[in-house]
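Please find the structures below.
Two complexes come next, and they have one chain in common, subunit A, joined by subunit B in the first and subunit C in the second.
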Partner chain A sequence: MASPQATATDRPAPEAPPALRAAARRKKLVPYWLLLPGILWLLVFFAAPLVYQASTSVQTGSLEEGFEVTWHFATYWDAATEYYPQFLRSVGYAATATAGCLALGYPLAYLIALKAGRWRNLLMILVIAPFFTSFLIRTLAWKTILSDGGPVVSALNSLHVLGLTDALGITEGHRVLATPLAVVCGLTYNFLPFMILPLYTSLERIDPRLLEAAGDLYAKPITTFRKVTFPLSMPGVVAGTLLTFIPATGDYINAELLGSTDQKMIGNVIQSQFLRVLDYPTAAALSFILMAAILAMVTLYIRKSGTEDLV
Partner chain B sequence: MTATAPTERTGTEVRLTKISKSYGAFTAVHPLDLTVPGGSFFALLGASGCGKTTTLRMIAGLEDPSSGTVELAGADVTALPPHKRPVNTVFQSYALFPHLDIYENVAFGLRRRGIKSVKKQVGDMLDLVQLGDFARRKPQQLSGGQQQRVAVARALINHPQVLLLDEPLGALDLKLRRQMQLELKRIQTEVGITFIHVTHDQEEAMTMADTVAVMNGGRVEQLGAPADLYETPRTTFVANFLGTSNLIAADVLDASGSDLVLQAASSKLALPAERCTVTPRTGGRLLIGIRPEKISLTHADDAGTVPDGRNRVTGRIATSSFIGVSTQYLVDSPVTAGAAPLAVYEQNIERDRRLVPGAEVVLHWNPGHSFGLDAAQSIEAGTDAGEGT
Partner chain C sequence: MTAPSGLSRVTRWLRRNLVVIAGLTTLGYLMLPNVIVTVFSFNKPNGRFNYEWQRFSTDAWTDPCGVADLCGSLSLSLQIAVWATLGSTVLGTMIAFALARYRFRARSSVSTLLFLPMAMPEVVMAASLATLFLNMGVTFGFWTILIAHIMFCLSFVVTAVKARVMSMDPRLEQAAQDLYATPLQTFLRVTLPIAAPGIAAGALLSFALSFDDFIITNFNAGSTVTFPMFVWGSAQRGTPVQINVIGTAMFVIAVLCVLVGQLAGGRRKRS
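Presenting the complex of A and B:
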């Protein structure tokens, strides 16, 4: 850590009194003291469990006989081949939910950032208001909303939409609950604020004079959006999609409460391997595969969107 | 170079008719009639909040006027959105697109009008502003002066009928600003486009513009050539805002002749009647104004050497500051009646070593250099002390 203080005190003036030098030395240590609590926290609650999981993933044995590290890497292969449908489904649901969040969140963030005027703060509070209620309670509420006799199903029925969605395979037997639609809706709902907040931040930061300048240079409002507003909001788009996509891929609550066995996501598999089947190595291996897959996808995405210097 | 070839057109006339802008109860621009002759370099000069930028933005279409019309070359454009108006703006702090490089910034307007082959035009334009080597840089990699030139290039490449400049040099340091003033003036002469320049810097307005409109409180106080405004201000605001003026309240002793006879304290002063903006009447009051550089200082011991026919006022030097080309004196005099002391700028040709603070002096000037203003106005309007009046 080459802090400016450190370089300044590397060569103390020869006549510096000892008291002054001691003070300088103490000052040099300040950054490390400030880092200490965070580092300790990460060591205990992140690094240590990670190492523990890694070791678990290469163990064999059973709950009765105990588990032992046997460097049994085949667990990874077995887990991946057995559960790849759930992996693909997780990525598919998360990607759809992310797209949904972007489609719903962008216009809203745009409105709040650029058009809301004095209503801006109130609207932002409304966006984060759901956080005041438990995630679980809100998802359970969706169970009621999407239930067979509930308002959504009757509305869709009277519009004869469910026949079409049944045919497309996103609903089943004229019901919404326990279908892919329900899970994706739940994910979209639960992660929407994570999309809106970064979008709002980057839209709000755009200098309104740039939009005026575009208009002054013959850009129609839609062209101004396409050529100036949207490119400048890319950091928010990237951050929002990551904040939505990453947790949505590993989510299990929405599939658990709003889906059936046919909508199980990888999070549900990991949960049941850990808590029901008690096959710890498989659960740990699945967690690592998920982590690696997400890392790979995110890296590719950031490369592709070319926003490394913007984020 | 197509971008800079002098065009046959003589520039577009801009006509504002009864144009005004209010925000709720606040009137930013009072109904205003203004005609900017085609091909001229026109400056809107005023302190911040005087309505000059609002006026400019109404011409650009960035602000909807509360009333009145904007005409370009006789065509009413009041209802047109900015992207349909044949004008371009150089924004204050430039508003360059940070996600586009210099080349794309300059090409932006051409591309929006569906012009496919922009390469030659953009290249020529970048050469004109001497930024050819910077085409692929991003705006934030350029210095303030370079960004300013990109902003000018980005606007000029479209051959607008009118170029609007909103305090374009405000962010530059003094030396660069001087250089850019001359540069902009040169470009304007070359392309013959009508330039409307908004600035709060009176020196900048006078250096660059053919015609200056001095704005104050949402109104145009006076409009004219820089020299006319300077030599014959019509209000105390113009007199004080454009350079420095000594304003002396005086009684009119005789208004019958071609030269008015005025009295301030014990001094009798002459003022040509035609240099007076109000109709004077004997027994009334007037403000007589004189620019500091028009006044000569003579030590009281040499009072006899002052030629006849000059206005004379006595005083005592309060402060003197040497600034190289000149020495600026502040002189306490009975004629100011306790108001701000009189300012005198003496060129450093032959310095009289007796002219130091405390010295008794005679101030004298050619009566033809003075001007008369309505005494009903605030004497401090347009000065720092009278800000906002």
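Presenting the complex of A and C:
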């Protein structure tokens, strides 16, 4: 006789009657039925498109005559040589914005996680609340904030900051809009919450007794931060930088709304090749180069920061 | 000992409160555009663009749908967000339960497939999916947008729900079964209520992601105009003040919902 427990395990005892064995087999299929619709959705609308994209990138032809796979790998070479400035610019802007997010986001995450006390919930709501206004509207607001006659530009001008940044090539003609500074400022703003939230999560997990112990052992506050707090928050730093850097590299909204033609990023090129020029092979090749470049950089970064198991 | 001079007292105060000052500065940076959006919803601009302050007016607030196509695009975005939330929450919750509760083959491939959409630049996904639709001869519009939104929301739902189900005590379900609950009763009365906060978080996230999505929609919408697409277009044609009204209203409504939720949660905890 099979004991009642036999149905609970995956493998019924050999003498189990056929009905129980069938039930066990059905039970084994449950996870596959649960996975099926969602995974199918991802396979058809996420994985298959990537394959299509790969085949498009080696096609030649025109919109009128149709496109054909001709294994024309030269598209990659042409795209890379023609648009490498936009690639470099994207990586540069995204890296600067990520560094800016870390510099701005860390103090706020630290404040909320370790110092806010009963204000914690309110501060958290204030961090998330801006999300509720469409990000395009908020990005357009930067046009007002950074406008040529506005208080920010006037203040920076009277402090002669813009003269200095003009000389460094970050701004141009004593204005901020339509310069690299405006685009990086917009990117930093848009992706800041993606940095703050993982930082907050990992800082909040730190046992405050560890920080007290460091103080008891005569560590100065700065030493405590350098030797205890920061290393313990590394998972948040890694997650936050990835969540900021990856979308920022592919972004084209900030460059379009706040920049000029000299600040076009690779996302702008892909968008216009696909939606305006209708040169699908070039758009596909550029997407693949972007994807490969990001994957390579992210893998290298995760290796270096030594937190492979955490991502 | 001499009394510290005024200057050194100021520097000492600054040093002690450095984190607070820096943190609140960042918060100001985050909030500033929302303040501008709200203030400029009461502006009466001279030209087509609402970037410079002219004079106070409540015209836009009394006539929020006064701009052609604006409220149509808003209602389209809301519809898409509702359906995308529904679709991705159901599919994502199923996957999350499979991952959290069962052992099966191809587990790591499934995890990779779920992780990739979150780790890929949106523009790559957007262009690929549009390529597929183009090749299949599908007409772009409501359905292509919905399909795309469910696709990219799915992984976020799985992450939210899985975390909750994983932290659930399996003995609660065993106890239900020991008390002769059928599997269906156990699921409806025990499992689902415990998983509910995770599912709700996933659903909320999907709604926000779908409602605010621009890049993927830009590639897969054809000539259909969602609310973000309307704002994008207006940046070229002229920004009506009504955009700010809707941005402000969404912000206020969402903050009110959060506050009410917080108060209700606090009261429940106390009672």
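Here is the rule we use: the second predicted complex is superposed on the first by the 292 of 311 C-alpha atoms of A that agree within 3 Å, B and C clash if a C-alpha of one lies under 4 Å from a C-alpha of the other, contacts with A are read in each partner's own complex, and residues count from 1 in each chain.
To be clear about the criterion, a contact is a pair of C-beta atoms (placed from the backbone, for glycine too) under 8 Å apart; a residue touches a chain by one contact, two chains touch by 3 or more.
These numbers were taken from a predicted model, which means no experiment stands behind them.
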item: Room on subunit A for both subunit B and subunit C (clash or fit); value: fit
item: Superposition-derived angle with apex at the Cα centre of subunit A and sides reaching subunit B and subunit C, degrees in steps of 10; value: 80
item: First (subunit B), second (subunit C), both or neither touched by A:Tyr189; value: second
item: Partner with the higher number of touched subunit A residues, subunit C or subunit B; value: C
item: Touched partner set for A:Thr56, first subunit B, second subunit C, both or neither; value: second
item: Touched partner set for A:Leu104, first subunit B, second subunit C, both or neither; value: second
item: Which of subunit B and subunit C A:Arg120 touches, first, second, both or neither; value: neither
item: Lowest inter-chain C-alpha distance for subunit C and subunit B in the superposed arrangement, angstrom; value: 15
item: Interface residues, subunit A side, partner subunit B - complex; value: 207, 209-210, 212-221, 223, 227-228, 231-232, 234
item: Residue ranges of subunit C touching subunit A (in the complex, touch as defined); value: 18-20, 22-27, 29-34, 36-37, 40, 51-52, 91-92, 94-95, 97-98, 101-104, 110, 113-114, 116-117, 119-125, 127-132, 134-135, 147-148, 150-151, 154, 158, 208, 211-212, 214-215, 218-219, 227-228, 231-232, 235, 239, 243-244, 246-248, 250-251, 253-255, 258-259, 262
item: Residues of subunit B that touch subunit A when the two form their complex; value: 60-62, 81-84, 87-89, 91-93, 95-99, 108-109, 112-113, 154-155, 158
item: Subunit C contact footprint on subunit A (complex, rising order); value: 30-32, 34-35, 37-39, 41-43, 45-50, 52-53, 56, 104-105, 107-108, 110-112, 115, 121, 123, 125-145, 147, 149, 189, 192-193, 196, 242, 246-247, 249-253, 256-257, 267, 270-271, 274-275, 280, 283-284, 287-288, 290-291, 294, 298
